[in-house]
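After this come two complexes, each holding chain A, first together with chain B and then together with chain C.
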Partner chain A sequence: MMNNAALTDLIIKMADDELIQGHRNSEWTGLGPVMEEDIAFSSMAQDKIGHAWALYRMLHEDLGGADPDSFAFLRPEKDFKSSHLVEMPNGEYDFSLMRHFLFDQAETIRYESLQDSSFEPLRLLSNKVKGELKYHTLHANAWIMQLSRAGEESYSRMQQALNDTIALAAGLFEPSPVYEDALIAEKVYPGETALYHRWLDRIYPVLVKASLNLPEAGAIVPVYGGRQGIHTPYLQPLLKEMSEVFNLDTEARW
Partner chain B sequence: MMSTQTINIATVYASLEHVMDPEIPVLSVVDLGMITGVELEETGVHIKMIPTFAACPAVGYIQQQIKTTLESELGVAVSVEVDKQVHWQSNRMTPAAKEKLKNFGIAPPKVLTGEISTEIMMEVPCPHCGSEQTYLRSPFGSTLCRAIHFCKACGQVFEQFKPLE
Partner chain C sequence: MSNDSLDPRVNRLKLGDAGEVVKVEEGENWNIYEVFHQEKRGAHHEHVGCVHAPDPQLALVFAKEQFARRKRCVNLWVVKSADILAFDVEDEDMFANNLEKTYRDASGFKVMEKINKFKQSK
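And now, the complex of A and B:
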């Protein structure tokens, strides 16, 4: 018998990150620096929100949770388990791009590890999501490379963006003090610490090719809190905006 | 009114060929490889299907189209379910479907033999002039399943149905 509370905790974290990052991506719609980038961030928004939806459905159908829409739109801020990285405002394009790179590489590592999960719904979904994420990382890698090689100002902005995001991104791998051991023991996934190290190994070669300096692993102090319901001041306004239409009539049929 | 005794798997598939993809109206759900199972039951027909991309906004619409089309053509009750056991890969698309896609102006996905690589997205033959002097402009296009390429030979931007693992 699987530990449903532990599974629920893990899936909420993944789903909330996808939903909030999806919402942030969608804020580039109409504002992208070039048309292709406008389309790319809008498409990735659609993918992220679709993946969040699949995870919320899993909570609902396999773990006895609330229906996906009300779970996504009616929860108070403290019940969200999103990371601080995805909550941050889009800022300039360099910040959004670096976050996209670090986040999508992290998701890729996570879904790859779920290929061996003992929890079948996650294993099946990971097959689907993993293939789709290839396009996100292809896009992120290409732009990280191009902008880092596009002159002095461009390079220094990419390095600055990396310096500003790396600790936040490391916070994606905040282990659960309560459920981590059970999830690892039951072979649901290898645990946050293992994923963190795989992620560092994955992003390093891309950053080297872009001549960007990744701080020493020991010098990175991950920004934790999101998984425990402690959030940045940026989440509440986002939730208010995101659920505005839903809250006009929560019983409406679309 | 037919009953499930007078229809068979082949007649169901023939009817499914009439359900077109709303974003690519020359391809049916069969052409695209979206159908994963057809079951004849005493009370009707049960169809299992899969979306191309997880976030495809047309899934609900396509399910409804399958139900309405089959119910009117076959005269039996039809239920449609999203199959979670199978996920869509571009290799599910039939060669005939790829030909139709090309004639529609969208480059078909190359056959995948391993994982997606940057290379598979390069030198995609232009659906307009056939040249392979093309480059990937963006892996994201007007719908989730399309990428944008540029043809250096005929100077046109074109879309490609993306390969998917």
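And now, the complex of A and C:
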């Protein structure tokens, strides 16, 4: 018998990251640097919301959780398990792109590891999102490469964006003090520490090609807290805005 | 950017490959790429529109969301618009049908009359 509390904890973290990252990326809609990019970025934001929805449904249908809409929109801030990386305001496009690159590479690593999960719904979902994530990382890599090699100002902005996001992104892999061992033992996934190292191995060659300097792994101090319900001051206003319409009438049928 | 392809006339994007960086100078525009959409394997690639992009790789990245988001699609081509050769608009008259040359159209042969005549003669 699976440890449902441990599974629930893992899936909430993944889902909340997808939801908040998707919402942040959607804030670029209509403001993107060029029309083609605006469309691509908005479309990927929708994909993220789609992933969140699939995970919330999994909680609801397989683990006895609340229905996806009320779970996503009615929870108080402290019950969210999103990472600090996705909560940060968009800043300028360099920041948003670097976050998109680091987040989507991490997401890809995570779903790849779920291809062997002992929990079937996660295994099925990982197959379903594989193609989408391939596109997301292609898009992210292409931009990182272009902008890092497009002149001095562009390069220094990308390096700055990497410096600003790397510790936050490392915080995506905050292990659970309670459930980590059970999830690894039950072969749900290989655990946060293993994923963190796979992620570093995956982003490193891209950053090298882009001539960006990744700090020594030992010098990165991951920003933890989000998984425990301790959030940045930016999450609460985001949640308020995101759930504004839903809260007008929580019983409304759409 | 290209790799060994089943169809050696077409270059195929290697997903992990960075590609060449195209420097776009101040005041210069991005290039325009024409996009061709393939609905199923083996089908013709049909022209569906164009995208602005600094290089072919990003053109393909943009084209995917622009033109393959809703309709069924298995592949796309992008071709730099500047690489396309076309006739001058003024030379459209080359294509005008010469009414004097209807004898060149297969439909122009009036054989039914002869066939009917032949049949009646039997």
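Following the convention adopted for this analysis, the second predicted complex is superposed on the first by the 254 of 254 C-alpha atoms of A that agree within 3 Å, B and C clash if a C-alpha of one lies under 4 Å from a C-alpha of the other, contacts with A are read in each partner's own complex, and residues count from 1 in each chain.
We adopt the following convention: a contact is a pair of C-beta atoms (placed from the backbone, for glycine too) under 8 Å apart; a residue touches a chain by one contact, two chains touch by 3 or more.
Keep in mind that this is a model prediction, so the values were computed, not measured.
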Three-chain arrangement built on chain A, chain B and chain C clash or fit: clash
Partner chain(s) touched by A:A150 [first = chain B, second = chain C, both, neither]: second
A:K128 touches, of chain B and chain C: first, second, both or neither? first
Touched partner set for A:A185, first chain B, second chain C, both or neither: neither
Contacts of A:K209 with chain B and chain C, given as first, second, both or neither: second
Touching partner for A:W53 - first (chain B), second (chain C), both, neither: first
Partner chain in contact with A:S43 - chain B first, chain C second, else both or neither: both
Chain B versus chain C as contact partner of A:H139, first or second or both or neither: both
Clash-bearing segment of chain B, relative to chain C, as chosen among 45-53, 81-89 or 117-125: 117-125
Intersection of chain A interface sets (partners chain B, chain C): 36-37, 39-40, 43-44, 134-135, 138-139
Residues of chain B defined as touching chain A within the complex: 53-57, 84-85, 87-89, 115-116, 118, 121, 137-142, 144, 147-148, 162, 164-165
Residue numbers on chain C that touch chain A, as the complex places them: 15-16, 18-19, 21, 23-24, 30, 51-55, 57-58, 61-62, 64-66, 69
Residues of chain A touching chain C in the complex: 34-37, 39-40, 43-44, 134-135, 137-139, 141-143, 145-146, 149-151, 209-210
Residue ranges of chain A in contact with chain B within the complex: 36-37, 39-40, 42-44, 46-51, 53-54, 121, 124-125, 127-132, 134-135, 138-139
